[in-house]
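What follows is chain A paired twice: with chain B in the first complex and chain C in the second.
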Partner chain A sequence: MSVLEIWLGILQGFRVTALVTLYGLVFAIPFGLIFGVAQHLTTGPARFVVTSVIEFWRSSAVIILLFVFYYALPLAGLALSAMTVSAMVLGLNIGGYASQAVRAGLQALDRGQKEAGHALGLSRSTILLRIELPQALVAMSPTFINQLIQLVKATSLVSLVTLTDMTFRAKEISQIEYDPVPIYTSLLLAYFIVCYPVALFGRWVERRINPAREARRAV
Partner chain B sequence: MQFDVAFALSTVPTILGAIGMTLLVAASSCVGASAIGFGFELIRRSGGWGGLLVGFVIDFIRATPVLVWLYCLYFILPFYGIRLGALATGMIGLSLYYSGYLAEVFKAGIDAIPNGQAEAAKALGLGRMDMTIFVIAPQMLRNIAAPMGNYFVSILKATPYLAVLAVPEMLGRAFDIASDTYRYAEPLTVAGLIFLGLALLISQAIKRLEIRLLGPTAR
Partner chain C sequence: MTQTDDKPAVQIASLNKWYGAFHVLKEVNLTIPSGSRVVICGPSGSGKSTLIRCLNGLEAYQQGTVTLGTIELGANARETVLARRQTGMVFQSFNLFPHLTVLSNCTLALRRVLRMPRNEAESLARHFLEKVRIPEQATKYPAQLSGGQQQRVAIARALCMNPRLMLFDEPTSALDPEMVKEVLDVMTGLAHEGMTMICVTHEMGFAREVADQVVFMDQGSIVEQASPVAFFSTPNHPRARSFLNTLLH
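On to the complex of A and B.
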């Protein structure tokens, strides 16, 4: 089997890799935002509940979460497709990490920002949406880009629950033809080609943000 | 089929019996990843072609999934006549993979040390080796205790990946039970909960240790 055929085979799995990433984001972004903000705003028992939900998704081993939900949800009467379960598990796992970035970004803001909002008579929600969140999200954007890369890489796990992503295709090809060296190095390269530009973009964003942040501090 | 709590409880001893394997893999991978990561970072800092090459290797590792690395080592090494067995392959895989992340942590830790420290060491006539071990490393460790601890927990959570290589750690045991009894949900849920408990326990322990070693201002 030629290297070109191997690449074409792996490429067939790119659609699933991309779809799981995309659907994963559909879970990750709202979860990260809502729970990050909730952890920032709540206190006492409410904060404990919010933190527990975040910790469940963040601190569990994602590979086991995927298997548990894949095999256990049907017992609870929820027959979801492998795609939905994968997107949900991978998305909420990354969303758990993202929520910590959201919270850290909000907590790192100068108190004066909120106080100025209050002094201007703005409501708490307006302060959050118009003053705090925009600054926090911009400041944390390099972290979010890193987490996107983590999500793309984590999609390789879906090959274990029968989804035909790039990793699944590579395994399939190597079962037909025993030629592991070009097949698996091509697979590594395929992920690198997808993720590395995103990583470079993240670095560029970080450079763009940092001077601004230092400038703000100097003022 | 219903979720059988009694059956789930009956799987606990078998799965817990593999906790030693999980901890062994995690601990040796933490040591391996730290050692390789520190070596990588020293080579990267020394510049030249070697530094550029190692810098690229670190970027490459960080842009590719750990699962694919495990497959690569597991299938490619025997192709060249290197037969290490699943356990050793898995530990090398995790060490190598997380060394890329720890190298970044070490970089941040060394960058944060004032230049004067290295200059003073040189002025006192310390060799490169002595300077690295006695001046740079201790201060670096102080700077990076928290992120390093986070990656150690990540390594712990990555040990179930070795189940795909048939290493008998906790997830592997859970799958053994599942394939014997055709009941997947219960053993996998048990494995998931044990991992969650272990991850939370160890991250708390690391936090305590940091505070004890570095004082409450460490974070």
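On to the complex of A and C.
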């Protein structure tokens, strides 16, 4: 098998890798936003509940959650597709991390921002949506890009629940070829080729959505 | 606050506030007629900021009442919101929204609170930016402005909401000396237009020229309240005297 054939073989798994990443984001983004904000706003028992949910997704081993949700839930009568399980587990795990970035971003803001909003008569929700979140999300955007890259890399685990992603394809090919070095080197490069543009995109986003900071730099 | 001539703009009665066990405001009574200018001064930690923050709901208090016009704060939620909206506040550290342009800083509350259409809000904002003499900075971000310019934007932002009462908490303390005047000039202009103002400041020149009452606070109490002339020439309280001495030297 030539290197080109190995590459084409691995690329057949790209669609699944990309889909798990995209569907994963469908879980991760709302979870990170809602739970990060909720942790910022709640106190007492409500905050305990919010924190517990976050910690469950953030602190459990992804690989075990994949197995549990894929193999054990059907026993309880709830059969989810491998794609759904993968997107949910990986997405909520990364979403758990993202929620902490959202909360930290909100808590790092100067208290004067909220006070100025109150003094102008803005409602709490307007202060959150128009003043706090825009600043917190921009400040945390490098962290979010890191987490996106982590999500892409974590999708290599879904081969364990039968999805034919890039890693699964590499394993298949290496079972036929018995020549793991070029195959896994190609796989390594394949993930790099996917992730590096994400990193570049992240830098570009940072520049685009932060006119105030850029303007300051230009002064 | 719907204002009738016989109602003072602000009436503070037996106000007491504690931070835990620390009694930060002690039995404060103060009446501020509509259209008058009050300067509050006193040593650091005497409770000046805490007092004016109680006037627009930024701080809660445990005893006493604050009445703005006809509205007693906290008595009725809807009216309290209204009273708050009609009270402008300018902070020592400006507290502009750094992610918004100068113009958007000024229009945010007009659009989100008063539901004013964009072009109407923008022309109103431009009017007040002109009034504080920085119309040309409208499209810049706060970080691109000097401290004095930022504070003037903060004043314009508050004025956009058409406040009946303006609160200033050491508006010039964070400024370089050469920028203090431009901010004080704007405030003096407002005073001459008849705005009811409460200013925490140690700018005694401003107090002399603009205030009709000077309130001196120490350890959470108002210990002296007088006209500027009386306060500066013959302060009664020994602590006011020693405070004035430290300011002069």
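Everything below uses one rule, namely that the second predicted complex is superposed on the first by the 199 of 219 C-alpha atoms of A that agree within 3 Å, B and C clash if a C-alpha of one lies under 4 Å from a C-alpha of the other, contacts with A are read in each partner's own complex, and residues count from 1 in each chain.
Criterion: a contact is a pair of C-beta atoms (placed from the backbone, for glycine too) under 8 Å apart; a residue touches a chain by one contact, two chains touch by 3 or more.
Everything quoted here is computed from the prediction, not taken from an experiment.
By the touch criterion stated above, A:K171 is placed in contact with chain B alone, chain C being left untouched.
By the touch criterion defined above, A:V138 reaches chain C but does not reach chain B. Applying the stated contact rule after C-alpha superposition, one finds that A:E5 touches neither chain B nor chain C. Of the two partner chains, chain B is the only one that A:V62 touches; chain C does not reach it. Counted by residues of chain A touched, the larger count belongs to B, out of chain B and chain C.
In the superposition on chain A, A:Y184 makes contact with chain B only, while chain C stays out of contact range.
By the touch criterion given at the top, residues 1-3, 59-60, 62-69, 71-72, 75-76, 79, 153, 157-161, 163-164, 171, 178, 184-185, 188-189, 191-192, 195-196, 199-200, 203 of chain B touch chain A in their complex. Residues of chain A touching chain C in their complex: 110, 112-113, 115-116, 118-123, 126, 130-131, 134-135, 138, 211-213, 215-216, 219. Residue ranges of chain C in contact with chain A, taken from their complex: 56-58, 81, 84-85, 87-89, 91, 93, 95-99, 108-109, 112-113, 140-144, 154, 157-158, 161. Here chain A touches chain B in the complex through residues 55-56, 59-65, 67-68, 71-72, 75-76, 149, 153-157, 159-160, 167, 170-171, 174, 180-181, 184-185, 187-188, 191-192, 195-196, 199, going by the rule given at the top.
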